[in-house]
Structure formats: structure tokens, C-alpha cells
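Next come the structures, one after another.
Presented sequentially are two complexes of subunit A, the first with subunit B as partner and the second with subunit C.
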Partner chain A sequence: MADTATASATGGSEPAIGRGLKGLLLVALPVFLVGWLIIYPIIAAIVSTLFVEATDGVQFSTASYRFFFSDPYSRANLALTLWTTGVCAVLLLLVGLPIALYLRFSTSRFADLVQSLAIFPMFVPSIILSYALIRTIGPNGTVDILLNAVGLPKIPSPYLTPWGPVIGLVWDNLPLTVLMLTAGLAGISNSAVEAARDVGAGPIRVFWHIILPRMGNSILVTISFTVLGIFSSFTLPYVLGPASPEMMGPFMLRTFNDLYDPLNAKTQAVISFVFCLFFGIFYVWSIARNQRSQSR
Partner chain B sequence: MIRTYSSTSGRFDWTGLAFTILLAIVIAVPLLVVFTWAFTEVWRYPSVIPQKFGLRFWDQTLSRADVWEALSISLRLSATVTALSALICLPAAYAFARMKFPGRDLFFLSFLASHAFPKFGLLVAIAAIFLQLNLIATFWGVVLIQLVGTLMLMIWIPVAAFQAVDRRMEEAARDVGAGPLRVFWSITLPQAGPTIFAAVLLTFVSTFYETEGAWLIGAPQIRTMPVLMINFINNQVVIQYGAVLSVILWVPSFIALMFARRVIGTGAFAKGFGA
Partner chain C sequence: MARLTIESLRKSFASTVAVDDFSLDVADGELVCLLGPSGSGKSTILRMIGGFEQPTSGAIRIDGQDVSRLPPDRRPTGMVFQSHALWSHMNVFNNIAFGLKLRRLPRSEIRRKVEEALELVGLGGYGHRQTFQLSGGQQQRVALARSLVLEPKILLLDEPFASLDQHLRERLREEVRDIQQRLGITTLFVTHGQDEALAMADRIVVLRNGQCEQADAPDIIYRNPQTQFVAGFIGQMNFIAANVEGGTFRHPHVSIAVGVQDGPAVLAVRPEALGLAATDGEAGATVLRSTDFGSHIMVDVELADGTRLKAMTSPSIRWERGARARLVPAAYALYRDNRLVDSGRVEGRATTAASLDVVRVTV
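The block that comes next holds the complex of A and B.
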């Protein structure tokens, strides 16, 4: 990227300063939006939850955070969110990795079909998915109908239990997981795998010693991205999940919209930021590094 | 991905067949169920096939005033957000791809910020700001919050598109005397166009289905299609309303599927998310 920019800067007839100014002007608006609607609200949320207006002016106070962590309901919501995020991340890897490995090394005509199917959920909006899952795995849904038709007992429906959102979120996030893992696997050369096979390594040993060490980074990026998405997901947990405890997304919406309590909603938001901080930093860092290595 | 037929010519690909069948069941069955419900008049447990098919609920759904109102709001919102996003992001994308200016790399990476925080937390933080600006429950409040969500897609994908344009062709055109605008119009745009069009389309579709921001900022005055769907699901009026709406809502998504397949299939999309 830097190469092309340098070429255009030196190749253009205008002086470099004029071009630089023009470039800055062109990117000014979107960059301003990022500053005004992303960076500023986050800083404002942190500051305004820590410095609260009291009777004698603005004072430093951790009261809203102390309330969150002393309130059993808030703690239960946080615990449910962490549980859901963890279970989804593990399930997504367990499902996505075999598909990605298959797509990377398969040479058969099924590969295109598998890829199309795995990407398909990307084009199903989560609201339609929520509705579809209620009708499929909900009480007296299609799964129950089919089980009944072959003479088996009904399953305990995951609808309105913590497993409801897990099923929905795994379904919804499968395409990006598979795409990101496949992109990571594409960097592994065939010769490394073939060399290991030639000396007699089985598929599991090839995976463990050759493939896994080379794709560790892309697994971490994938996990970071899914964790960031799932931790504060809203639609699927709201529709498919239990009413109490609830995940952080629905919890924040209820605190903000129904209880008209922006202070506690902001506190919940900041707590979500803190819990996802590591994944956010890792995600940005690894993309920044990719960008830099591509531009060289 | 290069696939040669040689290595598996001897064996049947059972793994592939298993993946295909499993994925087809898990992914297709819930959607088929929705389609069946949309064309069903009576379906009582435990019958495997609906007792009575029919289009009665299409008439009923389409005669509801709230459905048309929500559709109109959703379309106006998506069109406004997409147009604004294209207007401010595409020139910026061109600048990022072609010009050198101070802070360029940092500004480019700053769009990642929208993906580096848990989304709903970010929305709540923005909503708190909008509360002071009296933007809650207004059309433009929803436009702004949805606009933020489109920035990264509308910058990163077009930047890649502009960078992929063959520079030699542009220079050749310039050598034979074409002005900068003419070069852009005749050389750059036709090459970058399809990818940019896919980005615009994806922005429109993802804005149309955006639920969280629309609800958090828009409630209760601005009720978009997805928010109306949630109401239908929660209040369980008639099961078919949700099914019919799903099938109708599916149309824009399906168009996007046809057009955006080339952008997404190439893995450019995954790269856009950092893989």
C-alpha cells in the first residue's frame, strides 16, 4: 500500500504538500465520525461513570461499579454472558476448524458445495434466524414433530434456555469463522505438509505439529473477532434466551430504554469493554501487523 | 485455491459428502420451516405436513398498516445511510488508496475501532451522547448510529478495489492526453466498480437488517422492519405473520447474495476482518 502511495505522490505533478492536504480533506469526514461517534462516546462513558455529579459538584465515585458487582442479578448476567461467549467460541472452533481444514486440503467437487453451505448463514439476517429457530427447536417445533413421527420422545427444548442463544450464535458466526480460518490455512504451504507425510506422519500428527503451530495466529484472531461479536450480541439472546438471567446486550438495552437509567447502562457498557479489552487489542494489533507486512 | 483432481481420483470423498449433508440439514431445515409456515393456514402438532396450505396470511400481513410503515421507514433509513456512507467514504477510500498524507496509516486503522469493542456496549455509549443531543427517537439519530456501523466496510473494501486497479493502464491513458477525471471515469471506475458496487449493496442490506442501534436509538417512534419482527415474535400474535415477513425480508438479502458472492468468495471479505 505504501508503495503505490509513494509512486503517486512522486509521480503527480502537484507539489507533495498540496496532495497531502487534499488527501487529509478527503478523509476528514469519516475520520471525524470515528472520533465523534466511537472514540469520544467511549471516553465519555468511562469518565461520566467515574466522575458523578454530587450535591457539591462533580466527584470521583466508583459507586455504579460497586453496585454492579454487588448486585447478584448483574453478576448473574455477566456470568451468563461469559459462559455463552466461551461455549460459543469453543463450539465454533470445533465446528469451523474441520470444515476449514477440509476446504483447504480437499480436491473433490464437494468442496465448493461445502463452502457455499458454510457461508450461507452470512446472508440470513439474525432476526430471520431467530424466528426460524423458534419454529424449529422451540416447543412443538419441527424437531419435536420429526422425533414424534419416528416414535421418539420430545427433546427438552433449548428455546428460552442459555443453549438457545448458543445454537443461534454458532449458526450465525459459522461463515466468518470458516472464512477466517480458511484464509489462515491458505498460508500453509503444501510442501510442508507433504514433507511431513513423506516421512510417515499421520493426519493427526501433521495437524498437531505442522498445521496448528502455523495457524495459531489466525485462530487467535478468529477467537478475538467472535468473542467481540458474541459478548454483546443482542438479537439472538433477546429472542432465544432466558429472560432471567439475561446476556449483557439485552440487559443494557433494558437498563437504558425501559429503566431510563443511562448511568448504569454506561457502567455495564464499560464493564463489557474491560472484559473484551484483551481481544480488542489483540484484534487491532494483528490486523495492523498484517497491513504493515502487506504494504512492504 | 487450486484444486487438482489427481489426488482423490481413486476414492470417493465420504468426508465431503458427510459435511455436505450435515451442513445442509443444519442450515437448510430452519429456513425451510419458515418458508413452509409462510404458506400454511393450519399446521397443528404433531402432523409432519401442514393440514392446510394457502395464502390467507399473506393478505392479512400485507394489509397491516404497521408493516407498511415499518417497511417505508426501513427503506428510507437504509437508502439515506447508504447514500451518506458512499458520499463520505468513497472519496476517502480513494485518498487512502492513492494519496500520501500525514497520519494516513493511523487514520486507516482507526476505522477498526468500530470492530474492536463489543458492539452493543459501543451503541449504549453513543446513545448516552445522543441523549444529551436530543437525538433519541429521531430519524437522524438512527441514521447516525447506523452510519457508524457502515464505515469500515465502506472504506476497507473500496480501498482494496482502488489498489487493485492496474496503474499502468491509467498511466497509458494519461500519456495519450486523458485528463485526471477522464482517467478516473474510463479506467479506474470500470475496474474498481463491481467491488465498490458490492460494498454499497452489502451496506444497504446490512443497514436494512440492523436491529440493535435502530431499537436502542429509535424506540419507540422509529420502528424498523426488524424491530417490528421482534414485536411479532415476542407477542406471538399469529405465527404466520413472522413467517410471511421473513420471506418478504429475505428478498433484499437474496439479491445481495447473488451480487456480493464474488467479493466474499474470494476471501477478500475475511481479509477485511483481519484474517
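The block that comes next holds the complex of A and C.
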């Protein structure tokens, strides 16, 4: 607001002022909302975890952070979250890349079907997905019933183990991964691949020497993007995951709701935020790098 | 160093037949140009030889070995694509060296071969450049070097110079012809440009709707087109449609004795074989325009039935717009149902009153 005042005070023709004012008004609302709803709470949370009320007034203290990193349970939760994120990222690439490659290079009409199947999970809410997974791979679920029907032993169910959320999260994030990888593959021309086949590269070498080197950036972007979502996910780990250790999302909620311990809940949130910030910076960096290499 | 044999090759896509019963025998070291209008199946034939498209039926043999079911990486062919398709994440050296590395050649030999290949296409010392630091013509030459360095038995070029300007094109096609003759590589060259085909080829194959219309040496294709389509497609050609009656091709403006049964036919005369003679008679053709090319004048005339013809005449006579002219063909070909049925020279038979002002330009 102060800016608009100075802008009109310093003069200029009427329409220019009008335009400048309109431009500022247009960005003012989002900037204000980001500041109010995101930046301010972050700073407030960080401040409130570092300056705590003691007997003799407010004091600077890192006690809650020291507690978090010395508490084996909290550390186990953080480790589980990192493990889940890492395993999901690897699995997403392993599952998503072949699908994306198939979608990019297949000429059969079957590809359309695969594409819609790959995108389908995007339209299924996590909570519905969670219960669907419990019904299929949970104890006495569809898979067990089918196995039982043909006289085979039941599967060791991933439900309530760390693999439960992994399966759910991979399923949930697959559409985005496939879409982003397909977009990255679109930049590789058919003739570049055909030229490589022509000089004697089989499919695997084409993938390794021609496709992968040009996919590097879109793989980085894909990983950092999905990892952001997985690290702070809540529903799937809450419903499908083990009670202990638990992922950061459910952990925070329980600390806050069940233990009535806002200070430690906030500390956990800040620590999660720092990790996500790291992935976020990685994401921005890989995009910037990508743009630089494309502008050459 | 190889012989390419194509036997009744067919390729049909969902809705179209792109190549229909195409056969061709290319001798060792021969350069054959595939020429034809857009969509006639040139690229499809080349892509089937390179292994990028599976033939619906037919066989492709290289030195007698059937390769038509082999994947592209196991065929002794090298293809240069229209959109050069260099790999932008590798520099020039690595683009050319890639195929050699796949063959696990020793480092020093790779270096030597790549440098030789660069030298061959006139780009010695460009190895360290990135591909985007090259001009279009240089990129095209790198693409050529990338294929040549592997010493393919058959070199396939699909309109490699289509995106270049006229001047560069002419230079590159001479270079390619040079290299091809020096190395003696059996080559198939697809082009839109008939000049290119006439200038480079040992043999030209004219395609139409996926079928071979004629496969012959350039001069035969030009002088002796076997079908009306080839006659019209290669070079400029005048067509006059009329009937043959009693052994004579009868048209209000031309009458020629021909050795053909009665029926409809199309007379074909090259502009350089069509002379004009001044006439006052109403039977003359009307001059529309004359364009001076220095060495000759191209006169456009219109017949009474609306047919337009071009005649190449000597610059010594000016033709005014609206003037009347009599047609004096010196050589002709006669087609019926696209097939050549008669051809010959006209020795003053049709021009009873061959006067002094008749100009005949024959090649």
C-alpha cells in the first residue's frame, strides 16, 4: 500500500499510474495471503520453538530440538519417514519410467488404455485408496481369499507395516510421476532414437546413452516434486502404517492432539519443514539448471 | 561394397498402402535416387531398408542375405535423416564416435577414424564443438560422417539437404557424390528435387503411389519417359490430348502420322522440341507471354481448346503477346493410358510449309 502511494506521488501520466496500481493490486492479494498464511506461521513457529516461557520470562532455548534428536522414538520416526520417502522415490522411478517410456514410444492403440490407467489414481482420494488397499492386501483381503481358494498360504500382509504406506504412496503418486516423466521424454525426438539404433545401439543402450542423459533434469524434478508430497503425507501413513514408529505426519498430529504437547509438535513440524525446504531448494535448483541448459 | 535386392516389397498402414509391390536391384557401388511426389512412399521404402519399418510382405536382401526381419542395429545400413538427428548432449566427436564405441574399438583407433571421417566431410578440427555451435549444413555433414565412419554396406539418405539453401545444397550434393564414388558405397538417395536426381544418380527410380513407374539412367528417364506420369514429372513437358484417326494424330493445331491404332492419345513434346512459326491463319495458337532467359526465350502459347504449352525458341525472334503461331514439333512421344505407345522425330512431315522463320531448338 505504501508503494502505491509513493508511485502516485512521484507522478507520471494518468494511465501509467492506473496500470501500475492495477499491477500492484493484482499481486498484492497473493503476496498478502502467502505472507499471512505461510510465511508468518512459519516464522512464528520457528520463533515459538526457540523462545520458550520459563519461570523468569521468555528465554532462548534449543531444549525441544535437543529433546527431539536425543529421543530414540522421535529419531526412529524421522528415520522411518526418510526411509519411506527414499523407498517410494526409488520405486516410483522404477515403476514410472518404464510406463512413461512405453507411453512415449509405443504406437499401438493399447497405449491410450495404459495412459488412462496410469492417470486413474489421481482421481481417487487417499482415504478411499487406503480402505481399498486394506480390503485387497490386508489380512483376509481379496488377495488372501484368492490364494486360499487355490490352496496357497496367505501373504504376509503389508498392512500396519512400513510397507503399507509405501504401497499406498507409490500408487497415489504414480500418475504425477508418469506425467512428468512423459513430459520429459517428449523432448527426445524419434529420429534421435532411430539414429542411435542405426549406428548399432540396442534398446538398452539407447536408453542408457541417448535417453537417460537427456532425462536427467526431468528425473530430478520428478523426484524432488514427489518427495515433497511423500515426506509430509498424512492419510496413507496414518491409516496403513504401523503405530510405532510412525511417519512425521501422524506423529505430529498425535503429539498435538493426544499428548497436548504443542511445543514438541511445533518442533517436529519445523524439522519436517527444514527437510522439505531442502527438497524444495533442490527442485528449484534443478529447474533453474534445466532452463539454463535449454537456453543454450 | 554390397548389392541390394528388393523383391516385391509391400507396406500397408492402417488406411493406406504406402509401398505396393516394389522391386529393385541396386548394384555394388551404385547410387540410386528415389524420386516421386510427396506421399509416394520414398521414405517408407528407405525406412524399411534401414529396419525402422516392418514390411507387410516382400524381401530385402543385402549381398543375398535376407535382412527384412532384423532390427536396425543389426543391419549393415547407415541412414542419414532429413532432420539430421544429432544427439545434442554429445559434442561432434562423440556423435561420430558413438557407433565405434558400441563396437568396442580401441580408443586410439576410434580417434583416428573419427578424425578421418571429419576430414572426409570437410570438418577437420571441429570435433570439440557442441552440435548447437554448427550451422545447418555442418550439422548435416556431421550426420553424414556419423554414418560413414561405420563403413556401412548400404548408405541411405532421406532428403538430407531438404532444409538447406540452394547453394549449400548444390555444394553438399557434389561432396556426397564425391565421397560416395571414392568409397564406392552402394547408396539410396531420396529427394524431391529432380535436378538433384539428374545430377547425382547412376539410376533414377520414379515412384508414384508406392509403385515404380520407371527405373533407368537419368538421360533415359529424361529423353525416353516410359509413362505419361514420368514424362510430366521429370522436366517440363507439353501435353496435347486428341484422337488418333487413320494412323494420324489429329488436333486442330498439330497433325502427326503415328504408328498407333485409332483411339484417344496424349502427345507429349518437350519445350525445347517445340518450334513456333509465324502465321496469320486463325488455326494458329495465341502467344500469351514470352520470357527472355538470355540463352533462349520461353514462349507460352494457348491453343483454341485452352491447352497451354511452352516453347523454347531462339532469342533472335521476338514474340509479341497476342501474336499467332503455328506449332512445329521436332520430336514427340505418344501416350495412351499412361503408357508410351509411340515416339519419334518429325522430319518436316507435319510442317508442310517449313518456312525460314521456323525456329527449332533441339538438344
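Following the convention adopted for this analysis, the second predicted complex is superposed on the first by the 268 of 296 C-alpha atoms of A that agree within 3 Å, B and C clash if a C-alpha of one lies under 4 Å from a C-alpha of the other, contacts with A are read in each partner's own complex, and residues count from 1 in each chain.
Convention: a residue touches a chain if its C-beta (ideal position, glycine included) is under 8 Å from a C-beta of that chain, and two chains touch if they have at least 3 such contacts.
Everything numeric in this text was worked out from a predicted model, so none of it was measured.
*Asks:* Taking subunit A as the common reference for superposition, should the pair subunit B and subunit C be classed as clashing or as fitting?
*Replies:* In the arrangement built by aligning on subunit A, the partners subunit C and subunit B fit side by side.
*Asks:* Nearest 10 degrees is fine: what angle do the Cα centroids of subunit B and subunit C make about that of subunit A?
*Replies:* 90
*Asks:* Of subunit B and subunit C, which one touches more residues of subunit A?
*Replies:* Subunit A has more residues touched by B than by the other partner.
*Asks:* Does the superposition put A:I145 against subunit B (first), subunit C (second), both, or neither?
*Replies:* first
*Asks:* Taking the superposition as given, does A:F68 touch the first partner, subunit B, the second, subunit C, both, or neither?
*Replies:* In the superposition, A:F68 touches no partner, neither subunit B nor subunit C.
*Asks:* Which of the two partners, first being subunit B and second being subunit C, lies in contact with A:W163: first, second, both, or neither?
*Replies:* Neither: A:W163 stays clear of subunit B and subunit C.
*Asks:* Quote the smallest CA-to-CA distance from subunit B to subunit C in the superposed model, rounded to whole Å.
*Replies:* For subunit B and subunit C in the superposition, the minimum C-alpha gap reads 5 Å.
*Asks:* For subunit B, which residues count as touching subunit A in their complex?
*Replies:* Touch list, subunit B to subunit A: 1, 3-8, 13, 15-17, 19-20, 23-24, 26-27, 29-31, 33-34, 37, 45-48, 88-89, 91-92, 94-105, 107-122, 124-129, 131, 144-145, 147-148, 151, 155, 163, 167, 171, 209, 211-212, 215-216, 219, 226, 229-230, 233-234, 239, 242-243, 246, 249-250, 253-254, 256-257, 264-265, 267, 269-271, 273-275.
*Asks:* How about subunit A: which of its residues touch subunit B in the complex?
*Replies:* 1-2, 4-9, 11, 16, 19-24, 26-27, 29-31, 33-35, 37-42, 44-45, 48, 98-99, 102-104, 106-111, 113-115, 117-136, 140-142, 144-146, 148-149, 171, 176, 179-184, 186, 218, 221-222, 225, 228-229, 231-235, 238-239, 248-249, 252-253, 256-257, 262, 265-266, 268-270, 272-273, 275-276, 280-281, 283-284, 286-288, 290-292
*Asks:* Show which residues of subunit A lie in contact with subunit C when the two form their complex.
*Replies:* 189, 191-192, 194-202, 205, 209-210, 213-214, 296
*Asks:* For the complex, give me every residue of subunit C touching subunit A.
*Replies:* Residue positions touching the partner: 50-52, 71-74, 77-79, 81, 83, 85-89, 98-99, 102-103, 132, 143, 146-147, 150.
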